[in-house]
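Chain IDs A, B, C and D follow the sequence of writing; residue 1 opens each chain.
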Amino acid sequence: MLLEINDISKSFGGLTALQDITFSVEEGETLGVMGANGAGKTTLFSLIAGHAKLSRGTILLAGQQIDGLRPDQISALGVARTYQIVRPFRGLTVLENVAAGALYGSHQEKSMAKANQMAHEILTDVGLDDRANQPAGSLTLAGFKRLELAKALATGPKLLLLDEVMAGLTPNEVNEAIGIIETCKQKYNFTVIVIEHVMKALMRMCERIVVIHHGEMIAVGPPEEIAQDEAVIQAYLGAEK
Amino acid sequence: MNNSSNSLRFIGIGAVIAIFGGLSGFASEYMLGIGFTLFMYIALAQSWVILSGMTGYISLGHVVFFGSGAYVFVLMWGLVPVWLGVALSGLVVGIGALIIGYPVLRVRGPYFVILSFGLAELVKNLVLINEARMYMSLRPVFGAPSLAQLYIAMLVLAVAATGLTYWVRRSRFGAGLRSIREDEWAAETIGIPVARLKLIAFALSGIVPAMVGAIFIMRSGIFQPGDAFNPIVSFTIVTMAIIGGSDDAPGPLLGVGFLVILQELLWANWPEIYMIILGILLISFVLFAPSGIYGWLSANISRSKKNAA
Amino acid sequence: MDILLSPQLLAAALITGVLYALISLGLNLIYGTMRLLNVAHGDLVMIGAYIAFIVFSLFNVGPLVSMFGAAVICGGLGWFAYKSIFQNLLSNSQILARLEENSLLLFFGISVVVQNLVILFFTADRQGYEYLSAIVEIGDVRLTGARLAVLIVGSVISIAAVLYLRFSLFGLAMNALIQNRDASAVVGINVDRVQMFSLIIGFGITGLAGALISVLEPITPVMGFPYTMSAFVVIILGGLGNLWGGFLAGLLLGMLEIFGVAITGPEWRSVLVYGIFIGILIFRPQGLLGRGKIAR
Amino acid sequence: MLKRLLTASLVIVGMFGLLGPAHAADPVKIGFSIPKTGLFAPAGPSQLNAYLVWQKMVNDKGGLDIGGKGRRKIEFVQYDDKSDPAQAVKIYEKLITSDKVDLVMAPWGTQHHFAIAPVVERHKFPLIGNTAASVALRKVKPGYLWFTTPMMPDNLAKEMTAMLKSRGVKSVAIMYNLLQFASENIQFLKPALAKAGITVKFEAKYPPDIKDMTGMLTKIKGANPDAVLVHSYPGDSILYMNQAREVGINAKTQYVMVGPAIGFFRGMFKSNLDGIVTMAAWTPGLKNTTGSQEFYNAYKKMFKGHEPDYLDSVEVFVSAQILEQAIAKVGLNREKIRQAVNTMTFDTIYGKIKFDGVQNSITPAGFAQIQKGKIEVVWPKQRATSAVVDKGAWAK
C-alpha cells in the first residue's frame, strides 16, 4: 500500500471541510477524486502534501506516518503536487523552474549540470523543451499547466497529486495532456491521485474513483461502478446537472 | 561558454583585482579614499543581494549587520589583533543572525521591509543604552592601520562578497532562494526547505557587512551608535543594489560603481546642488530603466544582437 | 505607580497617539491603493511645517488657519506627482513587476530632491515660532494651547477621514481598490481617478499634520524622516490598507509608548516601540489588525 | 526671504557656469567640511555662519595679515560631509592633497574631530578645533590639534556644582539624553554633586528620539527638587520647555543644556525662557574680550538681524581668531603656525586663551541665564555680566 488515509478530518475554525475520510492507494494505481466545487478535494491534497494540519486521523506513505511533517519533507519523501491555479516561478526561466524541482524534491540532486540535464529530459517529455530558456511568465495557460506538471515530475515523485491540470484546456489539449501523463507514468513509474472536473478524462485515466460530497466520502470504486452509484448520482451528478 | 573564454575571463578578473590592489602602493590618499568607499559599498550591496535580491525579502535595515559588526569590533579593540577582530566580528554577527533570523523571516513582503528597519533601530537603541550606561557613547579608535591597508582589506571583502554572490547565483542553494522569491508556497511544495534556506541566506548576508562595519570604524576613527547604525547606510545599499538591478553579481558592481563615481564627481564639482542632481537621477532611473542598469544593458545588448543577426 | 492614573499622562498619550494616527493615515491610503512604499512621506510633514512657518512669519497667521493652506498645497503636490509620474508609472508593466523596489527608489529620490531644495532655499537652520503657548487648564489636565489644538484637530480630522472613507461612495471605491485591484476595475470603478484622489487626500492630510507639528518641534529640512518611519510602523501594525486599523494602531502605539515609558523608564522608549512592533509582527505576521493575506 | 531665494537662484545659475566665482588676486585658501545634509545639517549653520562672518570681517579689512608682510584675502573651499565622519575624512584628504589648500579649519562635532585627527597629523596641518567637547579629546596626541571649547564635561560638572552650592541648592533632579556629550556630563556631574552633599532626588535618561516627557516630569514634580538639570539637545529641550510648564515644574533653578543659546529657540519661547540657565559663556557685552561687539554686530548685519548661536558660533569664531592671530605673527608656514599656537596667548571674544597640550587652559566652563529676554553670563562669578537669579513663575 503506497498511501493510506486513515479516518482523517479537517476543520477550519468551526467549519468542517473534510470528515472521516478513509481510503488507500495501491502502488502504480491511478486514483481519481471527484466532487463539486468546495467539496474538499483540494483540502485533501493540502493535507497529504503537508500544507494544512490534520484535525484528526493519520496519513501513511509506504507505511511511514507523514502527517505533521513539513511540505518540503513530504516532498523529499516522494509526494509531488500541482496546483489548480498554477504557481510557476514567473521570474525564472522554464528550465530553472524544472531544475529547481530536481535539485530538491526527492532527488536532492547536488549537481547543477545533472539537474539541468534532468530538467531538459522532462521538458522534452512534456513538450516544452523548445521554450526551456524563456522566462516562465511568458508561457500560455496550456504551457503553464505543462510546466506545473514538469516541475512536479522533476522532484522524482512516488506519488503525484494532480489538481485539475486539464481545467481550461481545449479538448485537443486535454487529449495531449492525458497522453503525456500516461507516458510519464510508464516511464517514471509513479502513482497518481487526480482531481478533475473533466469527467471523460477521469473516466479514461482512473482505475478507481473516490467521490467526496460536502466533506464526506460517499463512494469509492471503479469508474463504471461510480457512474451507476445511487448516492453519487443523487448527491453529485444530480446536484450539478 | 567554452573553457578558453572562461579562463580568459578569470585572468581578466584577476588582473583587475591585482591592479586595484597594486594601486594601494602609489595612488593618492584621496583616490584610495574613493576606492575604499567603492569597495565598501560593493561588499555591502553584494551581501544585500544574497538575501534581498535572491529571496525577495527586501531588507531596509542592513545597517544592523554593519553596525553590530562595528560594535563587536570596537568592544574587542586593543584586546585582540586587528584582523582577528575583524574576522570575529563577522563570525559573531553571523551567529547572531542565525539566532534572530528564524522568527524575523516569518514576516513577508512590505511587512518584512519595515520590520528589518525596526530591527536596526532596536539594536541601535540597545547599543545606545548599553554605551550610555558605561559612559562610552563615543569611542575613539586610535592607532588604526593605514589607509592603504584598510583599502586592501576592503578590496578583499568586496572580492569575497562578489564571489559569494556569483557562486550563490549559480548554486543549488541559489536556485532554492530564487524559487522562494518567486513563490514561497510553491517552493516548499517541490521540496525546498524554505525556512532553512532563508535563514542561511540571512546569516550569509550579514557576515560581510559586519566585517565591513569593523573596517569602516577604523577609517572614521570613531564608534558612535548613531553613526554606526545610521539608516542612511541601509537606504544607500538598497538604492545601489536596485539601480544595479538583477540578482547576479554584475548588478551591484554596476550600481555601486555608477553611483559612487557619480557622487564623487558631483560633490567635488557642484557641492551646493549635487544631492539634488543625484535625487533627480534616482527618479529618472525608475522612469527610464526600471530593471536597473544590468537589466537595461542586457535588454539593449540582446536587441542589438537581434538586429545584427 | 499612581502616576499611571494621572490624567495628564493620559492626555500626553492621546496627543502622541493622535499624531501617529494622523500622520500614518495618508501613507496608508497611498500604500493601500497603489502599493507604493512612500519613503518621502515625512517630507510632506516637513513641507507642511515650512508652509505654516512662512505664513506665520509673513502674515502673522497661525497654523490653525494655515493648515488648510498646507493641505491644499500638499494635495496639489499629490495631484502634480500623480499626473507627472505615477499615472504612467502604474501602467508600466515593467515597473509594476518590481513595484516595491521601484517605488522605494523613486520616493527616496524625491525625498532627496525635496530636502535639498529646502536646504538650498532656507538653509538647514532650525526655525521656530511662538504660537498658542499659553497653558489651558481642563480639570486636572494642563496643556499648552498648541498641544491641545493638536489633540482636537488631529482627532477630528483623522476620525472624519476614516469615517468618510468608510461610508462615502468614493471611500467605498477606494476600499474596493485596497481589497482587490483587478476586481475593482472589472466592476467599473475608475481606478485612475481613485488613485489620483488617494494621492491628493493622502498628501493633503499629511501636509496639514505638518502645519500642526510646526509649533511642537524645530522646523528643519530633515525633520520628516522619523515621521516616515513611525508612520510605516503604525500602518504595518494596523494592517496595510486598513484605515481603521491604522487609526487604532496609532492610538495604541501612543498609549504603549507613554505608559510603557512611565513603567519601565524613558531610556527604554525606542526599544519598547520597536520591540513591541517586532514582537507583534513575529506573532502576527500580517499586523495586529491585518486581514489574512495581502492581496497583490 | 526674498534675498535668500535670490541667492539660491544665483547659486543654481552659478552652477551652470554662467557666473564664475570672482577670483581675488592670490587669496589664502582655507578648507573645511560642513554638514549640509544628513542628521547634523540643522547644526551646520551655527558653524558655517561664524566662518562666513569671520571671512567677511577679515576681507573687509583687506585680508589676513600674513606675518606683518602684507594682507591676503580669504577664500573658502567647503564641502558637505553629509554628517558622516568617514566623508569628512575623505574631504580633508581631498582638501589637503588634491585642492592644495593653505590651511584647514574645523569640521562640525566631536566625532568628526576624532575622525580627521589622523589626517591632519599625517599631513602636518595645524587645526584649531571647535564645536567638539569630550574628555576623550584629551587623549588625542598633542601636536596638530587644539580644542578651544571651555565646555569639557568634567569642568562643567565642577562649575555646575559650585553654582548650585552658591545658590543653596540641596537636591536636584537630572534628566539626560543618551547621546555622548549629555551622558558624559552626567558621568562627572554625579560624583561632583555627591561630594558637595547635593542629593539627586530623581534621575532619568532618554533616547534621542523621545516624543514626550510628561511621565518623567510628573515624577520630578512629585520629588520637588531645588533644581532641575536637563542635559538636552534642541529637539528635546523644546519638549521640556512645553511640558515642564504643563506639568508645573517650579524649581528655582532650571538648567536646559543646548537650545536656549540658539536664536530660533528664543523665538519659540520668548518670555517663558526667562530664568532658564543654559550652557554658554559669552555675551556681546562680556568684559576683557577682544572683538565681541564687532562680531555680534557683523553677524547680525550679515544674517538679517539674526543673533549668533551663543555657544557654537562663538566657539567657532574664537577658533578663527586664534588662527588669524597666529598667521599675523608667523605667516603661512604651517610648522611655524603650529609652534605659535602652542606658545602664544590669544585675544578672543572669550578673552585670553592659551593652550596647554590640546586644550584651552584659560577659559572656564560657564553658564548663562536668560534674563528679560537677554542672555547674560552668570557663572563663573569673575566673568559674570549679571548674577544668577531665581527662576520666577512661568510667564504664561
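To be clear about the criterion, a residue touches a chain if its C-beta (ideal position, glycine included) is under 8 Å from a C-beta of that chain, and two chains touch if they have at least 3 such contacts.
What you are looking at is a predicted structure, and each value in this text was computed from that prediction instead of being measured.
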* **Neighbouring chains shared between chain C and chain D, ordered by label** => B
* Other chains in touch with both chain B and chain D -> C
* Relative to chain A, chain with the most remote C-alpha centre -> D
* Asked: Is the number of contacting C-beta pairs greater for A-B or for B-C?
  -> B-C
* To do: Can you check how far apart chain A and chain C are, centre to centre, with Cα atoms defining each centre and the answer in Å?
  => 47
* Asked: Any idea how many Å lie between the Cα centroids of chain A and chain B?
  -> 42
* To do: Could you grab the centroid distance between chain A and chain D? Build each centroid from C-alpha atoms only and quote it in angstrom.
  => 73
* Asked: Can you give the whole-Å distance between the Cα centres of chain B and chain C?
  -> 31
* Asked: Got the chain B residues that touch at least 2 other chains?
  -> 125, 129, 132, 272-273, 275
* Which residue numbers or ranges of chain A touch two or more of the other chains? -> 91
* Asked: So which stretches of chain D touch two or more other chains?
  -> 11-12, 36-39, 178, 205, 207
* **Interchain contacts, given as pairs of chains that touch** => A-B, B-C, B-D, C-D
* To do: Using the touch definition up top, name the residues of chain A that touch chain B in the complex.
  => 49, 51, 70-73, 75-76, 80-81, 83, 87-92, 96, 99-101, 103-106, 108-110, 112, 115, 151-152, 154-155
* **chain A-facing residues of chain B, complex** => 170-172, 175-176, 178-179, 181-183, 185-194
* Which bits of chain D are touching chain C when the two form their complex? -> 1, 4-5, 8, 11-12, 35-39, 41-42, 44-45, 178, 204-207, 209-216, 218-219, 222, 234-235, 238-239, 242-243, 245-248, 262, 264-265, 267-270, 272, 394, 396
* Asked: Residues of chain B touching chain D in their complex?
  -> 28-30, 33-34, 37, 125, 128-129, 131-132, 135, 137-138, 140, 142, 144, 216, 219-222, 224, 226-227, 230, 232, 267-268, 270-275
* Spell out the residues on chain C that touch chain D in their complex, using ranges where they run on. => 3, 6, 8-9, 11-13, 15-16, 54, 57-58, 115-116, 119-130, 133-135, 142-144, 146-147, 215-218, 220-222, 226, 257-258, 261-262, 265-267, 269-271
